[in-house]
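Listed below are the structures to be examined.
First subunit A sits with subunit B, and in the next complex the same chain sits with subunit C.
The block that comes next holds the complex of A and B.
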């Protein structure tokens, strides 16, 4: 019913290759985009600043990681470190007087070049070894940032981010920052959507399925593995820059510790490996779930007069992230995106289920 | 050059390395049997520490009864994790299994401190506090005893591989389908490997709990254990012993000589550097079998 296909015939290749092939999908995307742009007028600043903006930021970062883990099949447990490199790189550039448009590129390029070094390990090893070596790099980057005062400004220091000026205009107010974040997120989303239907995306899929076999049919594993690390680290660096300038407005090493990498990993798995829409769903769940859980706990303590220890409250997010990862891997390995897909497939032919 | 300091750092580092090796032993046992890596081994060790802590301090059991009971509990936990989680993942890509065990690690890192308290509490094993003097070198008595216990357990693991179950475990690690066809129960062998990993983790958790107290930081042993398992070769028990000694000594020397220069924290980065160097130079480790892949 909703996603009605009857009467829709693709008679030319351009029609068949479109991103959204059904009119309903196109209308849905247009509606969501319109709502996203109009959000500052519809919702209070508090909601936009504390829910929508982090959601878009987390999604942007998760899209970069998902390109690496879902599309190219390379494990990365140190994505937080990549984002930290981007954030610190652009922050130091901006503090040195480089315009923001260039410092965000500097952050991205710096993260990409160091992130490609991470990927150098991927050329020799894969699977478990790659997971462990990226984990090791997370610790090494954390250590370097904290222990080199030129980068972090001392171990306990917080570096303030200068206000963002785009094309000579200062971004004023939460709404302006939100629109900027939205634009970057939309750009990254479009890029990732298009990667999957290009020859580049198909080569990455070949590398993911079996890298030796890909090498034999003429896909250079060396080139594609390195380049996917470059691309995803660039996105990670840009996302880290946005975290620093638009959300936190300051940088401390703790923002980018292993916890962030774990959050990103959970986002990608909960959302669905290799799915663009999954990143949006996953980020929403990972960010909202601890808030909801905390409200539930405090609600329960108030109504039932339960005594809930502070330890339990402070460790609830970890339990939740771990539980979500384990639960989704066991029961729905393709994540929330697959659940949406099942719904869509159901409504594709509803109410004539027998016609499928 | 101060040779007493060097000797003291080396000996204490070697003993600490043996205790790290105990955690790595679990990873190697599971990898040997099933070709899967258990990234939840750090959380298993933490669970061992917490089990013993709860039994002695909350349930009021004497320590000699609590230790065997918590070892048994961890054996059961290992078997349970294999039965409920890993067995469902058979046939899935290895990336899924890595992520599953990592998710388990994260979950246990939240669950145990959340419900059993996140304050660091020391387990009292009855080891005296005062150090042993060897000439002018100070040797930590609990490191010495713990290191010796770890050594004994690793030796027991090497001997175990000559027993009947151990031989079938080696067969399963070689070829699962072939060992199935000669009548080895592959699932049970893998389950036993998980149980044994639980035992190693319980021993490690209790020993570390007596040294630095039981709290969530015990799960950080995972990184050191991974470094040891990779340096020694993922399927070599002898490698665990050698790599444990190497990493323990390296860490101790690094924190003794480099920390004063850069202001602390070097101990934690040594394991990461060793992992990277091993992966880049010799991915199968010192004693591991080289993995040959066919299309």
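The block that comes next holds the complex of A and C.
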């Protein structure tokens, strides 16, 4: 049902290698894209500016981390620091008068070069040890930002972001910023989707499965480990820049603390390691669930005039949120993307049950 | 009762539309809506519950007495978990619901909201939190600290120490044990300036956040034998500071703290053994102030209190009352000018910025907010823990405001230049 395969014959290699091989998948993607583009006309600017936009931003960052963790198998606990480097780098560039188009690249390149430096640890250590050495990156970067007033912006430690001007046009209003964020997110998504079917992606997969086996079949782990840190840190830097310019509009060190790194890690794991769609689902759960649960519970207590203590009202969403994460991971350890995949597989062969 | 699909959908629709109906109901010209998006669950847990209870109780008191000039307050309280993006979400939602004032009570959230509040012209109060340079009302017209900034607190503390040393600080050693975050580092520049002005030796000892482990710092402090130690932290960090001070033999009478020190922290350290600790106080503590008595008699006694009765009159509760009282005074001035309502954000701003010599019936130092000065004068006093309660040791006063205003101007000039 829905995902109909009968009568679809791929007669050329290009057809078989397409990103979405079934017409239904393509239509679904087109529909989602159309809805995303039309969102400012369909939803109030509250939802566009404070739900959709941060969702896309978090997804963009998660995609970068997922390339590193899911595709290449390298753990990173300091991704928030990478984003901070991007944000501060581009912000200082923009304040020095560099046009935004170049500032965002400067932020990305700065994050990429420093991220690669710390990524070099991956050449010697793996797994938990790599996690701890990237955690060190988080602390070193945090410390440097807070302790160098030239970076953090003096005693108040806040820097205002200049308004974004693209090709000479200033972005005005939530919708313009949203479309810009959407465009960047779409670009990163397309890039990550395509990485997987390139020789680069296959080399990363080889490194992920066993690095010395990869070396034996001719994949230089040295090159690929460093380059994947470079690419994912670049994406992280760009995402950090977008956070700073499009969403927060003022940067403080607290925005990029360890909590953000943990959030990103959770997004990637809950969404599904190595899955592009998982990043979207994961970001939706990790980022938006606390807000939605909070509003639902306080709405319910107000509406039905429940006699509940303020403590419970503020802590109940946290419990539910934790429960949701544990529940989803128990139900499907491979993440939210896998839940969608199971559904799709079910409908692919419906009414038969071969996929079970 | 078994629920079929149709009744489920029906019930869900009803549940979804009910809040909307209630909202429409509250759209009254004589209601002033306030949005309290605060951190109840993550970092500011040590203060928010008590602070918020104070605010809610005070607004209940005002509403029970018939409001200000016939206007009543409607409070929306929501948890942000100290996360800027959740603060932004709450702020944007409030803004669309007609909220004219928000109170984030969190440094990261308020910093993320500053550009939005200035652009949207929504009042944001940052009592004892947020940017010190927001005292410059010309640069930050809609950001309202309404309280002595951390810089002002440091000058009041140094002034008290100077008086204890008979006006002469030269050659004295003053140490600062502070948490290594932007909040903890805020007084550094100022204290360096003051050390030149009064000729004392100043040394800072940062400890890493969250501040529960400070033993290394305090052995260093012991070695230099300071005459006075300032402690600059919050919550668990303050408790660890006092415990380490005791372990290293530093007398409590020589320890002076930033505003974040309350009864609950003293009880954890040991109420009796912590005798002598000094702290900055921006609002009278305890249950003696008339307003607190009124809350006890007219709100708590009638069972309308927002929380446990034993919290009433604690330090952070009273700070919450102070914030609420200042908002109410601003609203009183605004409604007197616009008796028909509804009160817009600009009108409330106008009111808040014309508060003059307001003492909340003796609970506060006289506070005057002007278009230039959003800090309200920076007056405070020193209180000492006597084993049971905080006893005031000095009169309400401000000190060295000239240095502070120089720093405020240079910081706010930086702000004006940025963001273009």
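Annotations for the structure displayed:
Basically, the second predicted complex is superposed on the first by the 316 of 356 C-alpha atoms of A that agree within 3 Å, B and C clash if a C-alpha of one lies under 4 Å from a C-alpha of the other, contacts with A are read in each partner's own complex, and residues count from 1 in each chain.
Note that contacts are C-beta pairs under 8 Å (C-beta built on N, C-alpha and C of every residue); 3 or more make two chains touch, one makes a residue touch a chain.
As the structure is a computational prediction, the values presented were derived from the model and not from experiment.
Applying the stated contact rule after C-alpha superposition, one finds that A:2 touches neither subunit B nor subunit C.
When both complexes are overlaid on chain A, the residue A:222 reaches neither subunit B nor subunit C.
Contacts of A:75 after superposition: subunit B is touched, whereas subunit C is not reached.
In the superposition on chain A, A:250 makes contact with subunit C only, while subunit B stays out of contact range. Of the two partner chains, subunit B is the only one that A:129 touches; subunit C does not reach it. Look at A:20: by the touch rule set out above, it reaches neither subunit B nor subunit C.
Of the two partner chains placed by the overlay, only subunit B lies in contact with A:213; subunit C stays clear of it. Touch criterion met: A:265 reaches subunit B, while subunit C stays clear of it. In the superposition on chain A, A:298 makes contact with subunit C only, not with subunit B.
Subunit A residues 146, 155, 309, 311, 314-315, 317-318 lie at the interface with subunit B in one structure and with subunit C in the other.
Residues 69, 73, 75, 77, 120-121, 124-125, 127-129, 131-133, 135-137, 139-140, 143, 146-147, 155, 210, 212-213, 216, 262, 265-266, 269, 309, 311-312, 314-326, 329-330, 333 of subunit A are the ones touching subunit B in the complex. Across the complex, subunit A meets subunit C through its residues 44, 46, 49-51, 54, 95, 146, 152-163, 247-250, 252-255, 259, 287, 290-291, 294-295, 298-300, 302-303, 309-311, 313-315, 317-318.
Against subunit A, in their complex, subunit B makes its touches with residues 37, 39, 85, 88-89, 92-96, 98-100, 102-111, 113-115, 117-118, 223, 226-227, 230, 234, 262-263, 265, 268-269, 271-273, 275-276, 279-280, 283, 293-295.
Taken in their complex, subunit C has these residues touching subunit A: 15, 18-19, 22, 40-41, 49, 52-53, 77-79, 81, 83-86, 88-89, 92-93, 96, 107-108, 111-112, 114-116, 131-133, 180-182, 185-186, 188-189, 306-307, 407, 411, 414-415, 418-420.
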